Structure formats: structure tokens, C-alpha cells
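Each structure below appears as C-alpha cells.
Shared between the two complexes below is chain A, which pairs with chain B and chain C, respectively.
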Partner chain A sequence: MVIAYRPETTAQAVEYLARGDVAIFAGGTDIMVGDKPVCRSFKGEPSAMLFIDAIDELKTLSDNSKTITVGAGLSLTELENDHRVPKLLRDSILQVAAPGVRNCATMGGNVCNASPAADTLPILYLLDTQVVVSSVNGKITFPIEQFIKGPGITQLTSSDLLTQLVIPKTEFSHTFYRKVGTRCANALTKVSIVGAANIQNGLLSDWRVAFGAVGPTVVRDQQIESLLIGKPVAWLKQHHNIQSIIEAYKAKISPLSDQRSTATYRLRTSLKLLEKWLTELSDG
Partner chain B sequence: MVTVNTQFKQAEACGVAEYVADRHFEGQLEGRFYRSSCSRGVIDDVQLPTFPPGYHLFSASDVPGKNELPIVENDWPAFADKEVRYIGQVVYLLVGPDPEVLEDLIKQIKITYISSTPAFTISQSQAMKDGPICGSDNQFDHHELIKGDIDKGFAEAVTIIEDSCSTSYQEHLYLETQGVIGYPKEGKIVIEGSMQCPWYVHHCMSHVLGHDKVRAIQCTTGGGFGGKEDFPDVLAGPLAVAVEHLQLPIRLIFNRTEDIAFTSKRHPVEFNYRTGVDKDGKIVAMDLKLDINSGGYFSLSGIVLQRSLTTCTNVYDIPNVRVSGTAWATNTVPNGAFRGFGAPQTCFAIETHLSHVAKETGQDPAAFKQAHFLTSQSKTLTGAEIYGDMVLDQMMTRADELSDYHEKVKSYAAQVQMSDDKFGKRRGIGLAVFQHGCGFAGDLEDILVKAKVAIVKDPQGNVEILASNTDIGQGLSLTFCKIVAETLDIPLDRVHQARPDTDKVPDSGPTVASRSILIVGYLLENAAKELKENWIEGVEQRFEQVYKKPDYHHWDQQTYQGNAYQATSYGINVVEIELDLVTCQSEILGLWAVYDVGHAIDALVFQGQIDGGLVQAIGYGSSEKLELNEQGTFAQKSMADYVIPTSLDVPKIVSSLVENPYEFGPQGAKGGGELTHNGGAAAYVAAVESAIGVNISSIPVTPELISELLYGCENGDESGGKNED
Partner chain C sequence: MKIDFTLNGQARSLNVDPLQPLLTTLRDVIGLKATKEGCGEGECGACSAIVNGKLVNTCLFPIAQVDGAQVLTLEGLRETPRGRCLIDALLTAKGVQCGFCTPGMVLALYQVLVNSPDVTQITEHEIRVGISGNLCRCTGYGMIVDAVNIAIEQGEGLW
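So, the complex of A and B:
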């Protein structure tokens, strides 16, 4: 028999975690998939399950003038319905699985699962999201690109609980989001791309792009982004300039062939989508 | 008269129906298969763990009767004895109370094999590396069929076009996985389960056990699509052995991973055409070679091959034809029955090939096809007179009216070139014409099946249908009841169908091959007529009917001459798509369907068949990718990997039926369930071809394939497209 803990505060939760050999159960939509429940943080079976659904602190959403703070226990549906959440993130949530799954799946779970194909991750990368992790030793904050280390691998130790995501409030004049799934609904991602830009007085004052499912983690490269930022939009009118950006990303993207798609298709399609977006931007 | 049966599917809809996984017996044990991990080899050495008390292992040596599954040929062993032919082949059945202990025991079993080079594809089978898998040449079956004079035909041709097409596997993905439960009762071994053909399971148990004290009962079944025709034998054979030995109830239920990996699939087929067209643009000769990948055992491949051969020219009157077909042994899961049974493959190939021939000879595909339609005066490929009226021209007119096909063909041909709008979208429209022979091939209904039904009226005037045909979600029970109620002119709720239980119902044959309505429904109608004429109030009455083929029906199995099927149904599908040139994904904008099924007994039930069959066919043509990996097992392992369309992937289907009553079907009905799967893939492919202007020769046509066709020639150089300046 497995021990089940169901604390009501984060403080209690991290105390249980500190005892070791405890698996965190949030929405359960990844743990419960398959013929047997599988928990990524455990190879074998944990001796205790920690249910975090009764912790109200994990279900709050607050904002100030600079950031929005999202509790890790909020369901994807709750985020989708809250208009303080950036539209790009809400758009991506609408393409995750089916309503029933979105009602259970939590934002924290989506991040901790750290799937390269997770639909919300490219958006969180693009928006410079910070991840807040609690343990009995206190809180640590990571930029999301440092928090996620590889497929299913994060900075989280067995005594840590992801409690919040802090998303900077950023306004963009131009955004672009495409998920290429296997079908319209309930589809896993083959390739996804999210882009955001600000154009002020004909200059690209901000420009960002992130790709999902084309490598072990989300691909975002601020060095390449800086090549564009500050340039006039007209710079994109030159086709070879667009090509140089595409070439730069081509070197960063390393998709795999698997049972859902091919590396060739993933690479070609993600770059074509990037080209499409850059071409759209060049038209203002 | 009441025409709506409010109780129909009520239990399933409300979640109270008992599927096999819901059945429970006191002291019930669980069963798990130990499967071969070698795709081709001979068992060399076996190391078994010590079994705890209450845990048992069954193998070939425990079989009291014959260690064979009696599926057409008896080549498929219930338990692998010495030889294994595919990964996943059943070697042992483990039985015990705790499934986790069983899983643990399975992990401890060690078998070493002397393996030889496996063949997974047709060309590997033909190469016969390390010798044949079966017989002397790896051919399970081979047959040739000739109409007219092929040499004379080609002599008249001014253009000869060679073309090849291929189809891949398709997974049934019924909602309920395979499962059976067995127990002893009143001196018999009883198996209940999710199944299409209880009498098949009955015969299988009897063959394996060596006696006839057996009984098979169908549980509420969550879909079959052919996957529960032959395959339940694979579970029932070994299970019957264990139940008889232990005299205890045992349950054997596959999880989804196991079901996708090891149950039968639709046969992949390769087609090679050589077609001659004369100076008037008419086909004068067609030489066709088709090769079927059968998998490790013969199973139903011979009958799939027969349907593929006898229907290979589809609805077309081609004067000189030679078709040669072979079913090849390979080292994969044996392929089996799947809605359409060879016809969806054949229809995809001929429709796609004829579109290519039309384009090559400068003709409009639809008009070219129409110019070759069989008419009431034609003879079929197998030399039979056409029985009844051909209404294909009428159907074509209707399909065009519904879909505006011809106008859209013109307008899409004038779309901007891709080089002008490489980030845009292009539209396409495609059409496929198809047929389906109803009932068993040739005269097997007469010489093999000899279907028998009974109807029983109780003293209160309620009528029970006794037939072994199963409702597996297709609505058969309602349609059967309607046939009987309408014939008797009594309310629908006074008629019901008895549960298919081989202790109770006569063998009216299997629920396969679009025979349930045409063959069994007609017997029920005749039995009901007999009851009506002899109706006596207040007493129990029973009337039986046995199949007798219509006088016009002739067939020679040696020469393949005569009526290849008792009756044939027809259909036309039109698919309109919009293709995104960036992602190569297509959105289906319109789906239209016109059918000649004689007469639909219940138009809503048939609408269900149309919706399901057409969407399943669209999936077959577009997204349902099932690939073998290097080990010869499937790369796609879950419902997340194997992509069937959902309701959001298709628009509402607009369909229309042409009344063309058939004399020897109930109320004039012919078969319809399989028919609805035959044309969708071909129509979808034609629509994609119309959008991108490139010929396609294999399915499924995934975005990956379209992307290769459109951009593969960019030398893998993503930076410079062919249309760049």
C-alpha cells in the first residue's frame, strides 16, 4: 500500500517531500497515462504520493504592473479562462489535448514534465518566465531555460516543489503562433513555433522566437534575436537577410525522426514557418 | 407503426452494458501471454522460473486436441511449439490470481532461439534469404485471372502506361480491446467475449480441445471492423485449454499497447499496372500484378486475395485484362480481416491509377472513368452477366449536383502557381467510384456457410430472432428487428434479437463480408413472411430458413468464372480539401457520398455506417501511419501515435442514396457497411493531387509525404527553394 499525503499548505508539502521517496501528484494527466501509472521523477515506485490539489496557495493567480504570478496548481482551463494570462499562452493552451485533460492538467505539471513537445513551454520561454521552486530550505527562482535541462529532466530535486511561474508582462505589436499537430484535436505536437515582435517607428524594437519539438528542449536563441533587434523592418525586405536568420536557426534546430514525424519534415516545416513569419513582418 | 426503438443501444449509451472486462466470476483468474521475442527462428532452449502455488503455465504440450487455430487453413498454431514466425507469437499462457505476479513470471522466462533472417516486406519475402518461411517459395496463395485477349488488346494500344501503387497497414483501433473470459458450466467449456463470430470461436475451441462440449457467447462488443473476426481465436484457443485443465474461470484481456502491437492488421498491397489506351482514349488492355503481404500465417489472406483479384477493375468495363495475384509469407503479425477486406486497397489503387492514365492521355479523370463504367449490358471481369440495373451514371450526376465537382475542378485548375504564393493555401477536389461485392466470395455462401436462422413467436405474440450475427456497434440488431417487425406489420418493440450464444442460436454464419443484411436479413424476412402467413394467436411458433442461392448465381472456383459475389453495391465519394503550403497539412472542406445499396432499411443506421466508414477511409488515406521498425514490430504503439481522425477533422458528410432494389435482399437491400470504407482514401488522394499537381502512388498521404513531394527536390537545402530568384 502506498502512503498518500494531502497537505493544505506549501510548508507542509515540502516537509513531506523532505522525508524522501515521495512522488508529487498534481493533475495526474501524465502520471496516469499508459498501462501503469508512471512518474518521471521515479524509476521505481515511490513509497508515498503527495497530492497537492488541496493547497490553495498553488491555485492563486496575481499580477502587478510588471509581472503575472501563476500558481503551479492552476489547471490549464483556469489559465485559459483568465484574461490576465498573456493571450499567446492562452492560445497555446487551447490546443493542448481535449477539454477533459485541460480541466485536470496543471501548469506546474506541464512544466515539470519537461516534454520537448509540450505546447505551453515555447510560450513560457518566449516570455522570459521565471520558475519558483520551494523546499524546506527556502525558495529558489530559475529562468525557465535553466530550469529545464532535457526531455523530462529539470532542476527539481526530490525535495523540491514547483510553486509558481512568474511571467513578465510584455506587450507585443506582432505575434505568431502555430502548432503543427497530428490532427485537429487531442493531438501531440510535431512542431510548434511562437514569435513576438514590437515594431516602433519602422524599427524592430523587440523580436523573439521559440520552437517546440525540434530538439531536446525548446529552442530559443537570444544571440540570434539580437541580430534583428534594432534593425529597420525594411531590412527584412531583402530576402537574403531573412535567409541568414533562417540559416542561423537551422544550425540550432536538431529534430528527431520518431513514430509521429520525420526529422526532415520537422526541420523544413519549422524553418518555413519562421520564413512565413519574417515575411509577414516585412510587410509591417 | 413505431419506427424508433428507444431502447436501442440504451445500455451502451448509459454505461450499464457489460463488456467482457465487466464480467466477473467467483474465483476468477487472470491470463497473460508469453510471446516470442524472435521474428523468425526455432526454439532452442527454455528456462522457466519456479511457479508459486496457484500459478500455471500452458503450452503446446497441454493441448488435448489439435494445436491449430482453424482459420481457413490450419497452419497457425495455438501455441508456438518449435518454430516462431513473428515477434509477439503466443508461446505460453500464464494463469494465476495476481496479474503483477504473472508479469513478473513472464520476465523470468528465458527462451533462446536459433534465429534466421526474417522477411518483413514483400521483396524480402521474395528474396527468401535463409530459405522459405513456408512452402518452397514463400507464396501462401497465387492465382491468375484472364478476361479477353491481353496481347490483342495491347496491339491496339497507342499509349502504354506503367504505374505502381502501394498501400500500408491499417489498425482497427476499435474502442474496446480484444478480450475473452472462459469458465466451465454444465459440462461445457464456455467462452464469452468481444467477438464478431461466436461460431468461429465455438469451432476453434472444439478443434483445440478435441471435443464439441463447448459454447461461445458474444458479450456487448465495442467495435470490431473485422479485427474481431478471426483474432478472438488467438485468445480463445489457448484459453480453452487452460479453462478445461483448471476447471476455473479465467479472464484474458489485452491492454491497448498489446492490442496495437500484436493483433491482425489490414494487408499492405503492392500493385503494378501496365495499361494500354487506344487512339480514342479508351483502355483496351490492362495487365496487373498485385502482391499481398500476409504476415506469418495464412489466416484470411486467400480470401482477401480472391476479392482483390475479382474486383481489381472496380466498376469499369475493360475488354482485355490479365491480373496475377500472390499472397506472400512474411515475419510479421498475420494480417487479417478489416472492413472492405482487400477492396479499400484495390479501390485506392485502380482509382489512383486511372486518374494518372487520364491525365497522361490528356483527359479529365472523372469523364474518363465514366466513359468506362460497367453498364447493365456489360459482362463483369469474371464473365458474368450484370444482375439488376447499373445506376452509376445517375449516381455520378447526383454526386456532381451535391458537390459541384466539375465546376470546382475547373476553378482549382486555374489556381495561382505555388511559386507565386509559397505561404498560401491551395484547394483540391477528388472523386472516387467504387463497388463492393456483398456476402462471401463466389458461391461459398452456398457450399460452405449454409446460413440458418430461426424466428420464434411466443404465445403473447412477441418475436425473437435467433441468428449468430452480432451487433458490434454497427446497429445490426435494430435493422434485423425492423426487417422482421415490418414484414409482420407489428410494433418494433415486440421483436428482439437473442444474444448470440452457440447454445441458443443456429449458425447463420459470421458477421463479416457485408453478408448480415443481404444474406441473413433476407432469410429473416422470409422466415417472418412464413410466420405471417401461418400466424396463430396464443401459441408458440418457430420458423427456420436455410440459405439457398438465387438461380442466376453461378461460380467456378477453379477458373474464377461467374458471379464473383451474389450482389454488388456501389458508391461515389467526393472530397474537397485545402492544403497549407507551409505545413503541408490539409483541411477537409467537404465530403460527399452517393450510394446504391439497393434500399436502406434504416436510413439513420446506414448514415452511421457512412459517417464511420468514410471517416475511417479518410484516416486510411491521410493520417493512419503504421510502420514496421527494424525488428519487424510497429513503431506506433499508442492511440497518441496512431492517428485516427476525430470529429473535428471532418466536416458534416452530405450523402444521398439511389434506390435500386435488389430482388433477393430484404426490402430490396444489399450490403453497405464495408462499401463505405472503399472510396474515401482514393478520393482524398485525388483531392491532394488536384491541389498540388503532383501524382501520388502510396497511402497514407501524410503531411510528411506531401512535404517531400513538394520540397524534397530542394536537395535538403532549406535555404534556397526551387522558386527563389
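So, the complex of A and C:
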């Protein structure tokens, strides 16, 4: 039988982690799937489990004029109901599983599980999210694209706790989000795409796109984005210009085939959705 | 690990493995069998129960997190006027066939009703989202959705 710790403060939690051989349990909706509980972020079987559900500090949400700070222990349901949370993030959360799972699943768990199919990740990449990690040695902040190193692999060491996500507040005039799954509820993503842009005086002053489930981690490429930023919207009226953007992403997307979908389907569908988003933008 | 909690209004104290799913505790340790095991991995909702006012999949919910909590299963809900009203409505709507999904379905429908600030305004979409984690292989869902409206009509003042 594993030892269970269920502290009420972050300070106590990181003390337990510092002892070593302790795995973190948030909502358990990834850990509890399968014959026996497995933590992707913990190698082997831990002798103790740290339940973080009783830590109120991890369940706070605050904002100022520039950023919104989301506690890692907030459930997806709590975020879906809070209008301070960016709408794109709420839209993606509504596509995760079903209410019973969302009531338990936490924001931190979705990030730390680092699944290529995690639905909040493309949005967090798109919004330039910073990840705050605490341990007995203090706090470190990572940009999300550095925090996630590969499927199931993050910067977390065994003594680290993800405590917060800091999301810059950005207004967009145009957004786009699609998740492709086999059915409306409880279906893991085959492909997802999120786009956001600002059109001011006929110019694309901002343009971003991120793809989920088409590679080991989210695909976002700021170099390709910079090709579009500053261009007049009319530039997108020329089909060969849209094609050149699609070709650039084609070189960056390397999906796998698995039980949910094939590589060919994923590549084709993600590029078709990109084309749809660019065409929508060209219409203003 | 010693766990103290309230199950259907009654205080309980148990000594169990902290990672034991609440579903196992309910069915195999306590012997309450309304809560069903379908998939065992969060996909079907047959194991739904309400913990501290929230619908959860008990196959994924570790007993360690039940310490200090209030748990409601169908055995508790059916003893209340609201529970009886909803079960009657589901029977009137013919929303029960083999019955395997029913205990979880009743709890999911109950959450739709009690979480609504004004039940007369509940939309079909809201009902369908509320039961989107509960699979039913028999009814085709239409009759289950109807049950909510019947419960609102028949249970005037209850909701």
C-alpha cells in the first residue's frame, strides 16, 4: 500500500516532494486509467502519493491588466465557468472528455501529462503561456514550449510541483479552433488547430497558429508566422500565397499513425483546416 | 489509510488503500451495488456518483480524496423527493430499458437540474452536455432527455 500525503499548502507539498520517491496526484484522470495507477511523470512505482487536491493556493485565479494567473489545481470545469479565462482556452476545455471527467481533471495535470493529444496545450502555446514550477529551492518559470520536451516528458524533476500558468492577455479580432475526434464527447483528439489574428486597417498586425496531435509536441512556428505579420489581408486573396503558407507548415508537421488515426489523415486534415482558416481571414 | 466520510447522509469510517477507486469501495467493501462498472476507465459514466456536489466517475476517483467528503449515490438519491420524482419521470419517458446505465444517468440528470438557476430555462443542449459522459446502448437518449422535462412538470416546486 502506498503512503498517502494530502497537504493543505504548497510549502508542505514541496517538502514532501523533496524527500524523494513521491509522485504527484492531481485529479487522477490520467493516472487512474488502466489496471493500476501510473504517473507518466514518475519513473517506476513510487512508495508515496502526494494528493494535491486539498491545496487551496493551487486553486486560485487572478488577473491584472497584462496577465491572467491560473492555479495548477483548478479543475477544467472551474476554468470553463470563469469568464476571465481566455475564450479560446474555454472553447478547448469544452471539448475535453465529459462533465464527470472535467470536474476532476486539472489544468496542471493536462500540462504535466504532456500528451501530444492534450487539448489545452495548443492554446497555451498560441497564447505564449509561462509555466511556474516550485520546489524547496524556489520558483522557476519556463515558456510552455520549453517546458514540454516530448510526449510525456517535461522539465519537471521529481522534487518539482507545477503551481501556476501565467497567460498574457491578448485581444484578437479573429480566432479559429477545431478539434477533430470520433464523436462529440469523450473522444481524444485526432488533430486540432487553433488560430488567432488581429486585422487593423486591412493589415495583419498579428497572426498565429498552433496544431495539436500532429507530432511529438504542439507545432507552432514563429518564423512562418512572421512571413504573414504585416501583410495586407488582400495578400491572402491570392491562392498561391495561401499555398505557400500551407507548404511551409507541411514541412513542419510530422504526424504518427496510431489507434486513433493515420499519419496521412492527420497531415491532410490539419492542412485543410489551415487553408479554411486562411480563406476565412481573406474574407475579412 | 483511515478514511472518514459521509455516504448518503450516514457517517462512515474505513481503513483502505488510498488509491482504491471509490467504485470498488462502494460495491465491494460497503456492498452498495447501484453504482455500476462499465469500462473502468472514465468513458461510460455507469459508475457516476456525486462527491461534494460534483458528478465524478468513481472508477477513476481514489478513496484518499473522499476523506472528509459527502458522497451521494443512487441509493441515497432515491430516498429523497427529488430523486423519486426524477426516477418516476425516467420511467414515464420509457428512458429505462436494460437499466445498466440508469443509476449513473439519474445522477447526471439530477446534476443538470440542481445546477440550473431556473429549471424552466434548461435547453435540450444543456441536458445532452450534462449526460455526454454517460453511454446508453439501449434507448437512443431521446427518452432520457424527455425525462428532464417530465420531472420539471411533475415535480412542480421541487426543483
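One rule holds in what follows: the second predicted complex is superposed on the first by the 283 of 284 C-alpha atoms of A that agree within 3 Å, B and C clash if a C-alpha of one lies under 4 Å from a C-alpha of the other, contacts with A are read in each partner's own complex, and residues count from 1 in each chain.
In this text, a residue touches a chain if its C-beta (ideal position, glycine included) is under 8 Å from a C-beta of that chain, and two chains touch if they have at least 3 such contacts.
Note that the structure is predicted; figures quoted are calculated from it, not measured.
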First, second, both or neither for A:R90, with chain B first and chain C second: neither
First (chain B), second (chain C), both or neither touched by A:D53: second
Partner chain in contact with A:V2 - chain B first, chain C second, else both or neither: second
Chain B versus chain C as contact partner of A:I246, first or second or both or neither: first
Contacts of A:Y265 with chain B and chain C, given as first, second, both or neither: first
First (chain B), second (chain C), both or neither touched by A:N186: both
Which superposed partner A:V101 touches (first chain B, second chain C, both, neither): second
Which superposed partner A:R178 touches (first chain B, second chain C, both, neither): first
More chain A residues in contact - chain B or chain C: B
Partner chain(s) touched by A:R19 [first = chain B, second = chain C, both, neither]: neither
Contact residues common to both interfaces of chain A (with chain B and with chain C): 34, 184-186
Residues of chain A that touch chain B when the two form their complex: 34-35, 178, 180, 182-188, 190, 239, 243, 246-247, 250, 258-262, 264-265, 267-269, 271-273, 275-276, 279
Complex contacts: residues of chain A adjacent to chain C: 1-2, 4, 6, 25, 28-29, 32-34, 37, 49, 51, 53, 77, 97-101, 103-104, 184-186
Residues on chain B engaged by chain A in the complex (per definition of touch): 255-257, 423, 582-585, 623, 627, 635-638, 640-641, 643, 645-646, 648-649, 703-704, 707-708, 711, 716, 718-720, 724-725
Contacting residues of chain C [partner chain A, same complex]: 1, 17-19, 21, 41-43, 45, 48, 54-57, 59-62, 64-65, 67, 108, 111, 129-130, 132-134
